[in-house]
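We call the chains A, B, C and D, going by the order they appear; numbering starts again at 1 in every chain.
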Amino acid sequence: MAKNKIVLAYSGGLDTSIILKWLKETYDAEIIAFTADIGQKEELDGLEAKALATGASKVYIDDLREEFAKDFIYPMFQAGAMYEGQYLLGTSIARPLIAKRMVEIARAEGAMAIAHGATGKGNDQVRFELAAAGLAPEIQVIAPWRLSEFRDRFPGRAEMIAYAEEHGIPVTASAAKSYSMDRNLLHISYESGVLEDPWYDASGEESKDMYLLSVSPEDAPDQPEYLELEFEQGNCVGLNGQRLDPLGVMEKLNELGGKHGIGRVDMVENRFVGMKSRGVYETPGGTILFTAHRKMESLTMDREVMNLRDSLITRYSTLVYNGFWFAPERLALQALVTESQKNVTGTVRVKLYKGNIIGAGVKSPVSLYNPDIATMEADPTEAYDQGDATGFIRLNALRLKVSSGVEQNNK
Amino acid sequence: MAKNKIVLAYSGGLDTSIILKWLKETYDAEIIAFTADIGQKEELDGLEAKALATGASKVYIDDLREEFAKDFIYPMFQAGAMYEGQYLLGTSIARPLIAKRMVEIARAEGAMAIAHGATGKGNDQVRFELAAAGLAPEIQVIAPWRLSEFRDRFPGRAEMIAYAEEHGIPVTASAAKSYSMDRNLLHISYESGVLEDPWYDASGEESKDMYLLSVSPEDAPDQPEYLELEFEQGNCVGLNGQRLDPLGVMEKLNELGGKHGIGRVDMVENRFVGMKSRGVYETPGGTILFTAHRKMESLTMDREVMNLRDSLITRYSTLVYNGFWFAPERLALQALVTESQKNVTGTVRVKLYKGNIIGAGVKSPVSLYNPDIATMEADPTEAYDQGDATGFIRLNALRLKVSSGVEQNNK
Amino acid sequence: MAKNKIVLAYSGGLDTSIILKWLKETYDAEIIAFTADIGQKEELDGLEAKALATGASKVYIDDLREEFAKDFIYPMFQAGAMYEGQYLLGTSIARPLIAKRMVEIARAEGAMAIAHGATGKGNDQVRFELAAAGLAPEIQVIAPWRLSEFRDRFPGRAEMIAYAEEHGIPVTASAAKSYSMDRNLLHISYESGVLEDPWYDASGEESKDMYLLSVSPEDAPDQPEYLELEFEQGNCVGLNGQRLDPLGVMEKLNELGGKHGIGRVDMVENRFVGMKSRGVYETPGGTILFTAHRKMESLTMDREVMNLRDSLITRYSTLVYNGFWFAPERLALQALVTESQKNVTGTVRVKLYKGNIIGAGVKSPVSLYNPDIATMEADPTEAYDQGDATGFIRLNALRLKVSSGVEQNNK
Amino acid sequence: MAKNKIVLAYSGGLDTSIILKWLKETYDAEIIAFTADIGQKEELDGLEAKALATGASKVYIDDLREEFAKDFIYPMFQAGAMYEGQYLLGTSIARPLIAKRMVEIARAEGAMAIAHGATGKGNDQVRFELAAAGLAPEIQVIAPWRLSEFRDRFPGRAEMIAYAEEHGIPVTASAAKSYSMDRNLLHISYESGVLEDPWYDASGEESKDMYLLSVSPEDAPDQPEYLELEFEQGNCVGLNGQRLDPLGVMEKLNELGGKHGIGRVDMVENRFVGMKSRGVYETPGGTILFTAHRKMESLTMDREVMNLRDSLITRYSTLVYNGFWFAPERLALQALVTESQKNVTGTVRVKLYKGNIIGAGVKSPVSLYNPDIATMEADPTEAYDQGDATGFIRLNALRLKVSSGVEQNNK
């Protein structure tokens, strides 16, 4: 009889290495190690060999960077998503893609389950599993950190290292970092360790080495750099005159943002599982894209469309943060967002300087801004009759006058 | 018989000087000149004499700065208001206060009308008049720029200057600026003139002299400066350990923000009267306050309260922008906002550096963040059982699985 | 040189007859009379001859009923639109269609303007003109009732009748009704006259003759009648097993609803132009459709999709009421609505009885309701583990406990 | 040493009787039986004796009806709450009150825990426990139906009856009903059993005996009955000229509604725990109150306040349904609602007839409806100039024209 198969989201770190081995033993199953290349860069080096050495029967390392940029990052940026006024959702948006590919592999391989190494306290477990539920309700999910038998077996790091050594799992002799991190094409997040104290200043000298994607504003060049972003229907399709696909855009923006100290955020946020936590993020390219996109919209988006879309950003962002990417309500919101972006086409010029993204001009072939109407000078088009404002104001004031009159009569 | 009286919102500029005289003649009325001191600084110098010289029968120059900070700016910042993702509403929030005082004066003086010099194309006319309607429906408003007889009399600047000279109105021999500006405690706005071209780069050398409240990031000190803001129930009540009233806070924050190149925004926005326009803003202190307030909330505000309040920011901001400050729906929203701020108490530390407001720590006696719960380490409080997450995720996934199953059956 | 042409929305009543003649004289133009057949029934009899007799150079009477049902009523009912909790928008939804056809005719005929007989106090003027603006910004609109020269010419009904007699305009010797009405496929609205007193009871004997589409509940049959409605993707496609197009559905539902005393609403509402007014509506078929559609959704719509859509009903309804049908924000909302209806397919059974639409069963091939999961009995599918609820509740309670604990510590 | 104490929400039914005994044995604790009188009527007869006979050490039967009406039902009806367009939240709103009193008793008695008999599949467990979490985070909750040891002990009804007989628990020899029910001052809900089939017609002869609060519309009197409701600030304070407290209002409305066949709803709804379920509700008085309240608002509530409040009904209703009554976000929303009701004062007249609540007039000393403004006749107050509408429409149309123009240029 064929053995059970489990597809494991594998990073090569201590946790998922241990889990790989533990799953194999516990479930008497073939473990298929899967790593999504979503822009972790050097973290991917040597992964395949390591997974095989640790006991994987098969290894998938799939380059999903283009899909990540095109089908996940871009639609989310069209929505103007930002969680709790600060976070650009760099980790949140990656999880559904990883889950999607895991499910595809599980189906292709005839695996009974997928497994991941996310803890029971974080958002990632939710994101993985809600995505899987929305895509493949029949597939089981194993989350060892939520299983008491696993937690009992590995109450601390010491037991994990002992287990690794015992089973010949290669453990990187990394100096234990005082925080954990997650990296992809959109960002790096840092949390835990010294960061758990919200009064701790993560912008200082002490934390300098933590940041991998950007210099600090203080260390950025003294010379500003101009950048032009070309948009079509809400998506950035070129930089400085050069047409680029979404992946190309993100890579170039990351390089520029990182160079100029752009996109660091240090915040306390509310996890879906109920507690607050402190996170530090580097999102150099995403921050430029976010800012430039808003500026492109300001010139080309109808006022009420913007008002409507803006009033839904909190909802959209919360859905993404909480892991409801493949949920029908996200799709319904996305339909609205897509419609809202039809006219968001043109060019934005920004100046990058020591952490700042300074607006330096915006233009569009489909601009809705008409200086002839807005001008305080005589209007050559006569599209606007100042006298019209009288009626406009009077009718807007009518209900206020009635209310106010009633109120005064009843004082 | 007593003469009619008209209370005029008077700035001392060419427009309201002309209007003062023109109203006096046209309506055969006593003109009471009123200027609200809401932080225009030197613009107020010599105003009283000028108004009397121009024909005013009486002059009010009222210091409303404290009221402006306490009853207008502060409640609005509790709401997290930002118009179209960029504008901190510096002009919008001042208009209702000016209108309120005009109405009070009009009632005290027995005036039949109030008048203002705002044009028929802008938002300010609406803000003045909706505020007046909500406070004193019986009082008439005269807006000369919307009257064809006035526009016919003054088709251009030349006619205005001629009229001024003819009537002995002192005209400041100011070098004609290539833009117009509006200043108060919260900000300066710039628009018109060269700014009407949205592709024009207002961050460059050419525009350097325009900015009065802040240096550019490039010209800001190379040395960062730390600042601690003390909050109580959503309001900033002290800086760097010193207790300050709202006016004191705003003045100090303006000084610090201006010094460090903070708070410039250059945007295209949608006016209530229907067209897009381009505005440039300097809001040094407000930008610090806005950022720090969000950080204070991140530590002390319940997740769902924040979600609810955030989902209403677009609506609240639009109300303020459009001039509905004294409208009952703004009061209803404010009641929600006030309730939402009950626990927003504590200290925020930021680092000011060349346009950046860098979070550098947050703490509170009523913090809702509990590192013992959030930690990925063992939880000493045992407030959180990782196994609980399994049920949490399963029930959240249930409807997704059902939907997905139905969908797959019907493919 | 060719004469100017004006397309007039013509009803055959006194007002538009007078206007036809007056426009012709005043603008020295050819008047093209246009009447949209949107279900007014007998009101259309003899219209063409009358228009020509009154001076129209050409007459269009276009049957738009199918388009009205399919492209206007149906999408609006998918949205669950109801204005101010009571009004099914029967008049509001018709105006954009009429304007659309007027604009088409104007373009085809090379007319310079369109004209209508709506007053300056109502919503219809706004709806006509905003629709025209959104479709054909170049076309001028003439609204005689807003022109002082027209109002001065016709200060009262006497002058209108005199003018009609003078110009040989046939005036129907109708007993002056004590209210005005507007009829189409979706409803009849009544307002003005005796109805202006909101304390007036329009459900009594005295008003009995006013209602044309329905009997009163008291006069409805003593015998209930069952009805099955078939839905596909949110649209009703059949009744009692018979497949029908949207027009057929509306006509049959009107007949059934009217017979059973269904769909009368008597309300005070807020007009877009700023005042409250009192209206009485008969919407027999629409009320059945509205109720049945909600019941269909209850079985087939995902919870969060419904929550999202429902939270936007106020906005959608206000847009339709205010005349923003052809506005980009309505299109964006509609995209969301369309997406939300994908699974709204199945059968609803209702019992019609003396004003009541009583739910009597609902079923669907794509039902999201699974009694095996919901049952309080043992669950044969084991899709639901009651123990999961513990974790679900605990994590939902976590933030409440933290807040509550902080509050108690600070009492 | 003192024994542990557990406060049990006790109904006297088989489930909570078994649970009483089982808790006592399992936890070796004193069981304090608590029953909230929230209007269950005869269900309360003999409860105290029964609880003591079953082993309770102490029994609380507290009359909470007045508090229920005043502090729970009334604020919720001010909000216009209705879940998923149909359900008036009769069960949902009672649970937090019960939990509040349980917690008070637990604190007064020094009990370590509270317990309830709600199942792991329903909403009530969530409502009880979230309320308790928000009020008393330190108190433990025991939910036997979610404990596998309890479910294993009582896999079916047979085991429960055997256990009851064995322990001398009095079991009512009730004919097993084919559904379960929950009754209070606001409603009775029915679910389970035959109702689990959503195609089952619960309006027919077969279900006739199920309904306890109302006759069917068919069986209601042939004679309509007029009713006047007096409102002050959104609360009903009197009926037919007689001043009544909230409890008195609810009781009288229940009587009248029940007599006239009002307030039955049969629906499929979405539970918070993730599945759809079918419920049938009788809410005779609440339905009258809901309808009349809306009519009172229509005359006295500002348009935009209504729009704002209405746009939040979905959110408010979902909070109540899901059990977040004592959550800070509900309090924030309630602050807005309270503010919105300030002017909702006056009299509503309705006609009750066979399931219908027919509006028959509304009046108010603070009415915002001014027929002189709304009338199509000449306006004696001249508060409204029809010409104003031109400017109003033009400025509202401006952005539509600009958008439309851009679109046409780019076709």
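One rule holds in what follows: a contact is a pair of C-beta atoms (placed from the backbone, for glycine too) under 8 Å apart; a residue touches a chain by one contact, two chains touch by 3 or more.
Chains and their UniProt names: A, B, C, D = Argininosuccinate synthase.
Predicted model only: the values in this text are computed from it and were never measured.
Novice: Can you tell me the least number of steps between subunit A and subunit D, where a step is a move to a chain it touches?
Specialist: 1
Novice: So what's the Cα centroid distance for subunit A and subunit C, whole Å?
Specialist: About 42 Å separates the centre of subunit A from that of subunit C.
Novice: Just the number, please: Cα centre separation of subunit A and subunit B in whole Å.
Specialist: Roughly 31 Å separates the two chain centres.
Novice: Any chance you could list the residues of subunit C touching two or more other chains?
Specialist: Residues 270, 273-275, 302-304, 307, 315, 324, 327-328, 343, 367-368, 370, 373, 384, 387-390, 392, 395-399, 401-403.
Novice: What's the contact topology between the chains, one of line, ring, star, complete, other?
Specialist: Its topology is that of a complete graph.
Novice: Can you tell me which positions in subunit B touch subunit C when the two form their complex?
Specialist: 302-304, 343, 365-368, 370, 373, 383-385, 387-392, 394-396, 398-399, 401-403, 406-407, 410
Novice: Taking the touch rule as given, give the residues of subunit C at its contact with subunit A in the complex, in rising order.
Specialist: Residues of subunit C touching subunit A: 270, 273-275, 302, 304-305, 307-309, 315, 324, 327-329, 331-333, 335-336, 338-340, 343, 395-399, 402.
Novice: Okay, in this complex, where on subunit A does subunit B touch?
Specialist: Against subunit B, subunit A makes touches at 80, 84-86, 119-122, 125-126, 129-130, 133-138, 143, 145-148, 151, 155-156, 180, 191-192, 196-204, 217-218, 224, 264-271, 273-278, 294-295, 298-299, 303, 306-307, 310-311, 313-315, 318, 324, 326-328, 349, 351, 353-356, 358-363, 367-371, 373-378, 384-390, 392-393, 396-397, 400-405, 408.
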